[in-house]
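Presented sequentially are two complexes of subunit A, the first with subunit B as partner and the second with subunit C.
And then the complex of A and B:
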């Protein structure tokens, strides 16, 4: 069963897992941020592979274009020269590996028992922007308005925490 | 390429994120690992939507809310990191102990 979607899937998987490992192991935080940008872009590719074109576009716009830019700003504002010489993991890394491996093994095992062999229903891929818009302003209207309140609170919180008290006086 | 493939992939990404949260010393690294875990959960939601309920889009709408809340979390978290950095000149988690009495 070598076909184009599975070739794309395995290529994207290798890219995503490899760059995610760079994110958690790299000594230089800037390299971690660049690898995370790549991982988020590959996740947008997975969304496109799953027929979610609007989500793929908003993943690139919000994550890669927004969140990662802020993160790179903070990384560059908070670097010190001796950071490159210090080890970036704490002394519990062995237990961290064991715990993460246990979580991955148990998740994959339980998914295998329940969802193995669920294949896609053969449908044509259609643009999802218009149905998502109707869903957001129809059935999901209450959480849509609530999330706008959360965004307002985050905006105010970022301004309050970000201002320099001494400089303001 | 079945639903199980996507679930296994997102489980691996999620546990890599857990490893990062548990072991990174840098607070920025911890925030990046949290973003990794958010994305693993998003892949799960979209895959369940595509394979189990292709007739409606509730999974994708939910992912939009998760992305929005992740953006809000990142903005507030990063401004907190900058505020702490201005005070103690360090971004390492073990140095953030000014409340320990």
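And then the complex of A and C:
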């Protein structure tokens, strides 16, 4: 069972989980954001291992190159010197742990039987972008456009809520 | 004649077979040969900035009516080598207020993706290291990681000016990334592939047997695409007239104020590697890759054509730097969002109309 793809898979898994732990335990918000960047990058690595080349590139482009940069921006603009002295937990930590455990249990339960015996690494590397394009603009056109509408509404909403009320008048 | 692509691939095949014949497992031999190829790419890409820095100084000298470096070696060609040695042996200073680890990792994060981006570049016939199906998307995605290096450099230095420079640089890079990607969309629509090699090969035809069918020669859509791509590439590499991230007169030296020695050299390496990458991409996308003109085919090998055309575009980058004044921050943003972005949408619509017309005639 020890072959190159599984070695890569387990290395990625350890990296992803390790960095995800750093995200929640680090006292420095900037370090948390950096670790989250790494985690999202490793997720792209998982996609690549599964042969989803388009998804892997999009993951890096959108999460690492887009969302994380905006997040780092927010961290840099809002960082205060006393932030590092704040407590890591609040009064609801117990309920948080319980909720996380419940979600994990249900995920494991629902996926355990479906993916038993399915390899974690793709054996064929057929390009995926052309089929994804056909699917998005063919069978999945209505859901795809609905999602874009939701995103557009979110964008307009962010601008409306974000603008300075006094400056607008 | 002089094509080294097939020769190289034959060499790698022989090497793999030789290693496999001497007790190395087949997978190990494969990985070994990949490592050799990756090593060749990394070494040559590390050499490119040295050439470009020298070229930059000479072009600057030419533009300003002076000689440029002349003392080290004939015509000063060893000047960058001397500078490189100086930078390597410089003391590595980490300011007391800096975030130590972020300060150390920042140049690496800025520099490493630049090398990865060269994997799918078609340097000539049979000289594409990895012919990815999604190579255009891959390059855009991976080069975006460098922006995080700039942000880390700005934040990790513990310096106001660095922080402002990092923020400006990242805002600019993220904004200009959008029209840059959209300027390439017409090509993907037109040729129906995302592979850089596929796009370059598709352009190796002639109109009336004379004019090459490069994308830049397609009326209107080719030129709009190229101009937007070029402007955004200059902005992405943080070069004048878009160098607000390191504007000396406002921000000391921007995000790399606190970096010295080899760390500073890595930031510099990344910048010049990206200049070279943007030029190589422009050649593969708009100028037919290794396609030759005028001279009969095969007289000059495709990789020389490719490098020649690439250095022509690199010269344009250097030329811009010594010609245009720096833009103000707000002008820069409104230029991107209110001019480049709408026009790239218009260009996509025009290309769609063209493709419809082509399908119906």
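We take it that the second predicted complex is superposed on the first by the 134 of 169 C-alpha atoms of A that agree within 3 Å, B and C clash if a C-alpha of one lies under 4 Å from a C-alpha of the other, contacts with A are read in each partner's own complex, and residues count from 1 in each chain.
Just so it is clear, a residue touches a chain if its C-beta (ideal position, glycine included) is under 8 Å from a C-beta of that chain, and two chains touch if they have at least 3 such contacts.
What you see is a predicted model; the values in this text were computed from it and never measured.
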item	value
Touching partner for A:127 - first (subunit B), second (subunit C), both, neither	second
Partner chain(s) touched by A:66 [first = subunit B, second = subunit C, both, neither]	both
Touching partner for A:76 - first (subunit B), second (subunit C), both, neither	second
Touching partner for A:138 - first (subunit B), second (subunit C), both, neither	neither
Touched partner set for A:58, first subunit B, second subunit C, both or neither	both
Comparison of subunit B and subunit C by subunit A residues contacted	B
First (subunit B), second (subunit C), both or neither touched by A:4	second
Partner chain in contact with A:34 - subunit B first, subunit C second, else both or neither	second
Overlapping contact positions on subunit A, where the subunit C interface meets the subunit B interface	54, 58, 66, 70, 77, 128
Parts of subunit B lying in touch with subunit A, wherever the complex brings them together	1-9, 11-20, 22-26, 28-29, 31-33, 35-36, 39, 42-43, 46-47, 49-52, 54, 56-58, 60-61, 63-65, 67-76, 78-83, 85-86, 89, 91, 93-94
Complex interface listing, subunit A residues touching subunit C	4, 28, 30-31, 34, 37, 41, 53-54, 57-58, 60-61, 64-66, 68-70, 72-73, 76-77, 127-129
Contact set on subunit A toward subunit B in their complex	5-6, 9, 13, 16-17, 20-21, 23-24, 29, 32-33, 36, 39-40, 43, 46-47, 50-52, 54-55, 58-59, 62-63, 66-67, 70-71, 74-75, 77-78, 80, 83, 86-90, 92-93, 95-97, 99-101, 103-104, 107-108, 111-112, 115-121, 123, 128, 131-132, 135-136, 139-140, 143, 147, 150-151, 153-155, 157-158, 161-162, 164
Residues of subunit C defined as touching subunit A within the complex	27, 99, 102, 132-134, 137-138, 140-142, 144-145, 147-148, 151-152, 154-155, 163, 166-167, 170-171, 174, 177, 194
